[in-house]
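In the two assemblies presented below, chain A is common to both, partnered first by chain B and then by chain C.
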Partner chain A sequence: MPSQPPLPPLLTTYLSKQPESSLTLISSILGATSNWLVLRYLYAALGTSSSPNVTIGSDELANGVKRKVVLVSFLRSWEFWRAEAKRLGLDLARLADKQQFAFVDGLSELFNTPSTASGAPTNTGSAVRTTLPLRSQPGTVPGRGPPSTVTAERLGNEGLRQREPGTAKKLHFTGHGVAALDVMEKDIIAEINRQKSSMAEGDEMLLIIDQPDFLLAATGASMGIGATEMAEWVTGLQQHAHATVLTLAADSPLIHNASTSGIQQSSPIETEHAAFAIGMAHRARSVMQLRTLETGAARDVSGVLRISRGGGWTGEAEDNLEERELLYYIQRDGGVRVFGRGES
Partner chain B sequence: MAPVNLSHRRTHNLLLISKLLSLRDTASPLTLLQDSLEQPATPLIKEYIRRAKLSKVHVTFIAFETLKKPDGVDAFVSTRRKSPAEIVEEVAAVYQPASATGPPRRRLIIIDAINPLLSSRRLDPAFHLPSFLGSFIAPSGPSTGKAEASLVVTYHQDVSALPQQNHYSPTPLSVLTYLATSIITLHSFSHILAQKAARDRSLAAPVFGLEEEQDGVLLGRLDKLAGTGAAEGIVLELEHRRKSGRGVLEWYLLPPSSRYSPQHVKEVVTLLDDNVLYNPPMEPDTNPDEDEPKSTFELGLTDRQRRDREGVVLPYFDAQHGDGPGEGGRILYDMGEEDDFDEEEDEI
Partner chain C sequence: MSFRKRNIGLSAGVDRAAVPNASTQPAPPESSPGIRPSPDDGRPTTSTGSPSLDNLLAGHAGLPMGKILLIEENGTTDFAGALLRYYAAEGVVQEQKIHVVGVPEQWGRSLPGLIGTAESLEEKRDKRKDEKMKIAWRYERLGEFGAGVAGSRDAPAPAPAGEKDAIAKPAFCHAFDLTKRLTHPAITNMSFIPLVPSRESPFAAILKQLQTTIGSSPSNTIHRIVIPSLLNPTMYPPNACQPEHVLQFFHSLKAMMSAYTTRVTAMITLPLSLFPRSSGLVRWIELLSDGVIELCPFPHSADAVATSGAATSVEEPPQGMLKTHRLPVLHERGGGSDQNVGQDWAFILSRRRFEIKPFSLPPAEGDTEAQDASATGGMPKKSDLEF
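Moving on, here comes the complex of A and B:
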């Protein structure tokens, strides 16, 4: 199968154009995860400048806007994102050095108290997890041109060892309720401001929050955190970024059990998650819904992507967001093909 | 009957919606907008703001989920990390009566979503929704230069509410629907059309979005009809409680805002029943004389035959005379001259 361009042509308009203070919600289910789409957002924002064959002068996008990204991830580690981005031809470690990208780690030490020592005993769990998504093969995308795979790999490994403490700001959940959220919010905003310090006028800051629903599920009512508090937390972060992309799980039990309460009492996590996810969809300008094919698995289709206008879509003339439904296929090499129904 | 009824509704109910949306005469102090992901209330709120601007009404926007101040809003109140009491205070503070002498400026207060407030964990258990909403409409401050305020509250129907703390108190939604003087439920026009098409064929009406209960589907709305521009718009299902207590139910259609200029003064809302797509005009009847089936038999009656038929006394009328058991209920038949009496078969 031929290699695919890093940005599927059908999605380019959706990925690259984010109006100011807009929220994009990506909903995924177990069989159709959102990683690939988040990576495409990363590439759309950072892609042109990371490619080594273009000169420094063309750092900027066509419209002269430079973009920076802060990625807050609650379900996946730095190692995962670094390796996956590399398959697209994005060197996140290098971008982090250039102050164009920052990673905030909400996974590895979220509920561990930060130990003053090297943190060896507490880190075992995450150490196991980080090895999983490592690919044995660096998988450079053909046509990306030279950085030789060896140097890229070596750089990456070095970067991991030396820079990880600096690059990956780790979030800690300490305390109770809103106060704990406030601490995390402050950490993330500090990271955003650190990026902003080197921003010129007109530059855009894209904030990507990967699966904050994990935080809601892990804390819940006993910690004094519900859908409203989570939504307020997101709002607080949104205020500091140009645009925000949020990924959430939208599996049927998490969404629908709460509404069909006539039959059985839904559990708190079902109620809270549904309220959070649907509330976010009400705020979002666009909602990207990922799901599997209703007709079952297919060899050449990984899933369905439905792009809809959310409740926050203003309907103004300059903000035309076309709603459509597309199929996508993730190839073995990580490339993604996006096509309409009936096309191939 | 129907056409008379429709023209009556056209005059009265269109006047009513125009009065409600333009906030004339404070026809509705508390309006509840019930929206869903399939049809968000954003366009209707924009229409409220547009009309408020035209009639120079002061607009306050209380944002529970909006980040950016919408166009045309005079005061934007963010509610992040604020208690209900603080919100009330701030809303009262942003409005200054222009002058003591002039007539007070009317006021529109919009709450973009009440759900986050209702499901907040930090909410005081003693929080009382009616008095919270009431304090906006009737500020109990010393400033007696009282402005007529209208409150428009949006409630997302599809966001599940938290289980009640107190099992004996009504749910927030019941309280809201009880308090509201008008309730507007929003529907997507294309969905209404699809449901009507199904109903006309006696099929089960289709469901959209969350109601499909499909894995991974939050929104079902795809504006397939956008290209034609025909089925754009919002259907408003209005329930208005008059001061007299009489209720008015009506369905309206609000066209998309791109169809008219922001300065447009004439009423843009129409009755849903007046829409050509929803209520296609009937085929005019062809000549009514020709609607009898054609046959070789003569199915009609002559005048004489009709007169004779009307003269027949049916047995149950006869039975009511009650001449004694066994006497009522006989078949009384007067022989006509064309009847051929056969002694062996017929008996009277």
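Moving on, here comes the complex of A and C:
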């Protein structure tokens, strides 16, 4: 199989152009995950500056707009994103050092804050460092080495400890309801502002939130969080970024059970999820829907990508978003082939 | 790339094609038994204790470290429990640390007995087959027909030169006998985490204990987390089924997996009859797992159908269907390119093995009569063909 360009040609226009304050929704299901598409968004925003062919220093895109990305991930670790981006030729750790990229970790310590005593040396940390020639830290110090010289705005032990493995800021869910969401929102905004501090006029900030719907599912009404609160939370974050990309699960039990036509009663987790997902789709400029083939699995097709206009599409002349349905295939080497039905 | 000299190491990160082969994964800790690199991308994997399940896992020939495998089962049978016991027994034999959640220590005493390595069993079976099949002597060297998944992926490096090494090399996967009981010095090393009823999340205590033991263990210890029959109301208190409890537990488990990427694996079974896949909660549990496999045992009334489903009388009839909904690593990347995906699988649990093989529909029922008639009538007897 020939290796594929990092950005599939058919998707380039969709990936690289996000109008001001737009929301893009990526919906995925169990057998068709969205990670590869998120990585393509990362590449579209950051790719040109990190490719080894471009000399360091010429960070601008063709039109002179620098782009920065803040990725908030609730289901996947920094290690995963770093390794997968590397397959695309994108060194996220280096980009993070250059303040072009920031990762906000919603996985490691979201619900359980480890006691400081059990600060076991994370072996992921050392693995990260071996691949980072540009980092100022010595390469072989296991996890608990002296903190790097990053002077975070918030000082104190906590802030420094968090900076250590890779660049991840770790989110914590503490407390109840909207207050807990506010704390996380503040943390993410702090990270966005840290990136913004080095931004020039006209630079764009892309915010990617990977599966915030998990937050909704894992908290629910008993903790005072519903679809409305989540939607407001996203809005709050959206205000701080140029454009926002959101990934959500859209499995049929999570969307369709909510309608009352079914025999079985729908549970709150289903109704709230459906309300959140559909609400987001109404606000989004475009919806990228990932799903598997209806006709069963195929050897040369991983799934179907449907690009459609969301409720937030303005319909203005310059906002020409073509709706289409494409097939995609993920190769073993991580390359993605995107093609129309009937083509190959 | 042909202009490149082949014996010169590729510079890191420049060439995308080289990346999958490069050690993107942290190398497994030295001298850890039962861990081997995946033939697909070199990440460390460990065996699930049943070779055919190992081979199903998207070309990694084992369960990649740091991954959660969810096995769902319909009906009242306990095939998933057998898989779980193989998984635990394999861990015991490899002297890994086993953490069993929610069941009494009795569970640990019912682990299947060790009868050798998986390869030895395979060889034995082949030999037996050779004795029987005289007609096919011509094709002997072509390998076993229909070996399917097992044949193609088993033993990633059966190089002729490596045959001697294979004996010295510690086995990756062992064979177990369900009718025997495992006796191994390491069996006392299993830890059982009881469920403590509490008004808060019943999982909080479990998680805490897992974290402290794994966090405080030396860094070369490999852990296996075994959770039989999750949310089963005979074991779990009613509030365990609340999404905020069980989903937060899964999320924290996932976090633990990412913190100790090379040291922990988990296998969890879930009774689907109580928690159908069409519910949002189960779907979230699936989304939080790295691998999702569903077992659909045939109902007893289907025994007749199943019997005729076997191609020959020597083969055992399949006992159920197996569906793969998500495979570790593969689907995290986007999925789809594995040749095992989309196949219909059947499983057979016999005394000595849990076998997964492609499912083929049995011949139509009416045909058997015709076959019988022809067998007794026109067709030459077996003895006539012997030479």
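Odds and ends about this structure:
Criterion: the second predicted complex is superposed on the first by the 288 of 344 C-alpha atoms of A that agree within 3 Å, B and C clash if a C-alpha of one lies under 4 Å from a C-alpha of the other, contacts with A are read in each partner's own complex, and residues count from 1 in each chain.
Here, a residue touches a chain if its C-beta (ideal position, glycine included) is under 8 Å from a C-beta of that chain, and two chains touch if they have at least 3 such contacts.
This is a predicted model, so every value here is computed, not measured.
Three-chain overlay on chain A, with chain B and chain C fitting side by side and no clash. When the shared chain is aligned, no partner comes close enough to touch A:99: not chain B, not chain C. Of the two partner chains placed by the overlay, neither chain B nor chain C lies in contact with A:12.
After overlaying the two complexes on the shared chain, residue contacts for A:32 are found with chain B and with chain C alike. In the superposition on chain A, A:282 contacts chain B only, with no contact to chain C.
Legend: residue contacts after superposition of the two complexes on their common chain; A:83 is shown touching chain C, with no touch to chain B. In the superposed model, A:251 makes contact with both chain B and chain C. Of the two partner chains placed around the shared chain by superposition, chain B is the only one that A:228 touches, whereas chain C remains out of contact.
By the document's definition of touching, of the two partners only chain B reaches A:311; chain C does not. Aligning both complexes on chain A leaves chain B and chain C separated at their closest CA atoms by 11 Å. Residue overlap on chain A between its contacts with chain B in one complex and with chain C in the other: 32, 251, 266, 292.
Of all the residues in chain A, the ones that touch chain C in their complex are 3, 6, 30-33, 35-36, 52, 74-77, 79-80, 83-84, 86-89, 91, 107-112, 114, 118, 120-124, 126-127, 131, 214, 217-220, 222-223, 249, 251, 253-254, 257, 264, 266-267, 269-270, 273, 292, 296-299, 301-303, 328-336. The residues of chain C lying in touch with chain A in their complex are 12-14, 16-17, 19-20, 24-26, 40, 207, 211-212, 215-216, 219, 242-244, 247-248, 251-252, 254-255, 258-263, 277-284, 286-288, 292, 325-326, 331-337, 339, 341-342. The touching residues of chain B, when paired with chain A in their complex, are 35, 37, 40, 42-43, 46, 65-68, 70, 80-81, 113, 115-117, 119-122, 156, 158-163, 210, 213-223, 226, 256-258. Those residues of chain A that touch chain B in the complex are listed here as 20-21, 23, 27-29, 32, 177-178, 221, 224-229, 231-232, 235-236, 238-239, 250-252, 255-256, 258-261, 265-266, 271, 274-275, 277-279, 281-283, 287, 289-292, 294, 306, 308-315, 317, 323-325.
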